[in-house]
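Presented sequentially are two complexes of chain A, the first with chain B as partner and the second with chain C.
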Partner chain A sequence: MRFLRALLSDDLPRSRALSAILVAIFLGLLFAPFLFSGSQALNAAAKILYFVVLAASYDLLLGYTGIVSFAHTMFFGIGGYGAGLALYGWGPSWSSVAAGTAIALVLSVALATAIGLFSLRVQRIFFAMITLAVASVFAILASQLGWLTGGEDGRTYQVPPLLRPGFRLFEGEIGGVAINGRIVAYYLLLVTALVLFLAMLRVVNSPFGRVLQAIRENDFRAEAIGYRTVLYRSVANCVSAAVATVAGVMCAVWLRYTGPATTLSFDIMLDILLMVVIGGMGTLYGAVIGATLFLLAETYLQTLMGAISRATEGIPLLPALFHPDRWLLWLGILFIGSVYFFPAGIVGRLGRDR
Partner chain B sequence: MPEPLLSLSGVHTHVGPYHILQGVDLAVPGGGVTALLGRNGAGKTSTLRTVMGLWRASAGAIRFAGLEITKAATPDLARGGIAYVPETMSVFSDLTVRENLVLAARAGPPDAARLDWILTLFPALRTFWSVAAGVLSGGQKQMLSVARAIVEPRQLILVDEPTKGLAPAVVANMLAAFAELKRTETTILLVEQNFHFARSLADTVAVMDNGRVVHAGRMAALAADDGLQRRLLGLSLDSHQ
Partner chain C sequence: MSASLDTTLKPVVPPPDWLPLALAPVLALAALPLVGSPATWATLTLAGLAMGMMIFIMASGLTLIFGLMDVLNFAHAAFITLGAYSATLLLGPRSDWLGADSLVLNAGALLVMVALASAVAAAAGFAFERVIVRPVYGRHLHQILVTVGGLIVAQQLITAAWGPVQVALPLPASFRGIVLVGEVAVERYRLVAVAIGLVVFAAMLLVLNRTRIGLLIRAGVENPEMVEALGYRIRRLFVGVFVAGSALAGLGGVMWGFYREALTPGMGLELTVLVFIVVIIGGLGSVGGCFVGALLVALTANYAGFLAPKLALGSNIVLMVAILLWRSRGLYPVAKR
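This part shows the complex of A and B:
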């Protein structure tokens, strides 16, 4: 227990229900390749992994520091393009991944610093607008510089041999599953996500994290007790950007493809916002729950509705209402419901009912 | 006569289109309590905010401990030894009592002996040590707000109406705490509407009206002169008797 406390930076989930959900998500992700068959399930699990990192890094900004930024997918995209273009241009080796990641991190932190220093002094709404503008410029650049990025089509590339589907870690199977390169890649993502999540938990529970929370609540008060809020906000912005960049690298390595639709689109920005809000702002566990719920709904709602539609055949109206084509309508209703019933997010609600 | 710890000369402050401070001259001698009195809207809070750099003086000079601080940034002033207790119970409500105090200590954990002393001044804070500050009562929040200002020794504490809206028992606790703090030679600039509270603590007094200091002198002299009180403080005195 003491080890767990230290690992989670003394920030244990605040209720039994919340702990149970988090443990279930963790175990589900840990054994996903063995619990669920088929590539759709593994793809969904991997997507949850990098979106947990992405949503948690956004929560560092929105929930802990009170900064609204629309440039988060830009940093995600920089990571994706950094690793993707390196693998495409320099060949499928680990050094390409490392070099691409390093270049992407430098670019992200430099951009985050520039945006932060130029605009974190202004009112929050203007900061949000500036990030929106910069992110749009970046998305246009990515699509216009076709010779480099592949334009709207993006780039498809090979990953290092260890991570390819044809690779076998050893002969034989575990629980009826052959351990191929995809599963190695999945566990690489899992370990990366876990390490980054625990590191972020450490950041928000450090004295630095407390200052961020103080700034979120009232920046004048934070200044009056001696903290330079612009500096703290800028550092938070850089940390958050760097983590989002690594999430982008995870995405690029998993998908073996990088394009505007998977990394830079504004839809992803909205998805991240929804994940953080539904899960609960200002608690990294909320990002885990938000991202998992959101992606599960996105992946399986259609299938579930198909099943319901078939099961209710013969009853008037219901089969039409649950027709798989109406899945977006139900997704929307689910979100409205969750915001209505859990205004402080799911974690906020569960934490209160202890 | 030694130079005062804090002095304002001809300070003007504009907030948006409003000309709030219109040439404030004020001297706060080191090592005692100076009360800043006056009716609502006279410019008392604006004076504190201007000293703290939260509003910029548009003219005039502010000196603190021999240095010109008119243009200094708020965090630098806080680090330079000025603490500010605003009137709005300025706790960080999501952080616990302990975290609020640790945050104010800035450089590492607060000194244990000093913390112990603070918790004897405000025993309620010990009871709610690990509770989020947002759920404290108004009086407890005010105590935490003052405790945060003194968690490290400061040269000057600016306190804005610490008794506003508090129950008599909490006011008595606050009075005892400030009296104890005064014994440690900390300089306090106290904005207060409650004349009796101010009278029992302050050595010197300044009275403001319409963005200027209209009277400055010994508190004992003002306390002994009913006519002067009535002329300077008028209704604000009656309302607190």
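This part shows the complex of A and C:
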């Protein structure tokens, strides 16, 4: 128990229901290759892994520091393209992954610093607008520089041999499942996600994290106490950008493909925003629950809506509103509702029984 | 003695700040030697002016809403799209006017469509203010989140109503094509767009500077508490400005739709990036700055698009950074911020 407490930086989920859900998600992800059959389910689980990291790093900004950024997918994309283009250009080796990640990290932190210098001094709103502008220009730029990025089509590449589907870790099976390269890749992602998540938990529960929360609550007062709020905000922005970059690398390694639609699009930015707010701002566990719920909804809500759409066929307008492609409409309404009625999100709803 | 007293009591009026006004002409002149041919330069400049006017119309609403009530409406994009799409409602019933070979009927059709677009956007703005924005006044973080949520929902509703594919919005027959002035090819619609933009700008300046409502709005931008203390209902004023701003977004949207002759559900969001850059360059809350900013952004985009097409997209960011290095709160910062 003491070990667990230290691992979670003494920030335990303080509610039985929440703990139960988190444990269920963790066990589900841990045994995903054995619990669910088929590559579809494994893909969904891997997607949850890198989106948990992405959403948690966004929560570092939105929930803990109280600044709204629309450039988070840009950093995610830099990571994705960094690893992806390195694997594409320099061949499928671990050194390409490492070099690509390093370049991407440097670029991300430099960009985050530059944006922060320009806009964090002024107002939240300024930052939101400037990040939106920069990110959209970056996205268009990435699809324009076709010779480098492959344009709209993106790049498909090979990953190091250890992670390829044809690879066998050893002969034989565990629980009826052959341990191939995909499963190795999955566990690589899982470990990375876990390490990053625990590190972020460490950051938000450190004195540094407390200052961030003070800035969120009242930046004027935090400044008056003697903290240089601009500096703290900028560092938070850089940390968040760096973690998002690694999430991008995870995505690139898993998908063996990098393109604008999987990394840079504004839709993904909105998805992250929905995950964090619906899950619960200002608690990293909210990001876990939000990301999991959102990605499950992406698959299962559409099926449900398809059924409703067919059932309401004769009625005007309703089938169009329940068309499976309109699932984001309902999540958007849920999003607005949660900002109004339970700003602490699902985690806040589950309460904190002590 | 009394003479010296007079001079000391005179209110200090800061000299008007003309410098930013010179930026757009300077930019245009600087581009002339780079472009080379004067005829091409004239075409590009006119295209830039037309685009600038349309962006100004969209951005002015946003900047007014922000200036008066400190609300940054991310869902502005949705009103742009909605305005443009609602004009297509008239394509069926009024197609005879559009195709007719008469300038009067064509202009009538254009006017009716523009009016409808503004009206629909205004109505949507009224509902949006009441349902979405009102509960979160004064809380920036919540405002950003809620209006982004509103944007998602509105975009989905528009897609549900009109479908995800591109919709055509043909120009009335008389406004298509070009006229030749000397060697310069001038698209007719661009002239119309510049004219409408100038009319809107003039009307806005008139309302803001010469009417009682305008006085209250300007006073509200400077100091809302004081206006309220003097007995005016600033909330009601704000609803009015929000509705007017949404109508302007719709107007700008339909004009842009005619410019491109095609509509997509994502068009508003694509334009919002430009609109935001314009509003930042101009100084949040300033209509005059917004006008100068829109012209700068559009001219830069057009010249850069001609000179170095690959860099055209980055040019606006470079412009924004340059302006912010010069004046970190935009060209005409609003006093209280």
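Keep this in mind: the second predicted complex is superposed on the first by the 309 of 354 C-alpha atoms of A that agree within 3 Å, B and C clash if a C-alpha of one lies under 4 Å from a C-alpha of the other, contacts with A are read in each partner's own complex, and residues count from 1 in each chain.
Please note the rule applied: a residue touches a chain if its C-beta (ideal position, glycine included) is under 8 Å from a C-beta of that chain, and two chains touch if they have at least 3 such contacts.
Note that this is a predicted model, so its numbers are computed, not measured.
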Partner chain(s) touched by A:228 [first = chain B, second = chain C, both, neither]: first
Touching partner for A:211 - first (chain B), second (chain C), both, neither: first
Partner touching more residues of chain A, whether chain B or chain C: C
First, second, both or neither for A:282, with chain B first and chain C second: first
Touching partner for A:220 - first (chain B), second (chain C), both, neither: first
First, second, both or neither for A:41, with chain B first and chain C second: neither
Residues of chain A at both interfaces, chain B in one complex, chain C in the other: none
Complex contact set, residues of chain A against chain C: 66, 68, 118, 121-126, 128-130, 132-134, 136-137, 140-141, 144-145, 266, 270, 273-274, 277, 320-321, 323, 325-326, 328-329, 331-333, 335-336, 339-340, 343
In the complex with chain A, residue positions of chain C that touch it: 66, 72, 74, 132, 135-136, 140-142, 144-146, 148-150, 152-153, 156-157, 159-161, 164, 269-270, 272-273, 276-277, 279-280, 284, 310, 313-314, 316-317, 320-321, 324, 328-329, 337
Touch list for chain A against partner chain B, complex: 207, 210-211, 213-214, 216-218, 220-221, 223-229, 282
Residues of chain B that touch chain A when the two form their complex: 52, 54, 73-75, 78-79, 83-84, 86, 90, 92-95, 99, 102-104, 106, 148
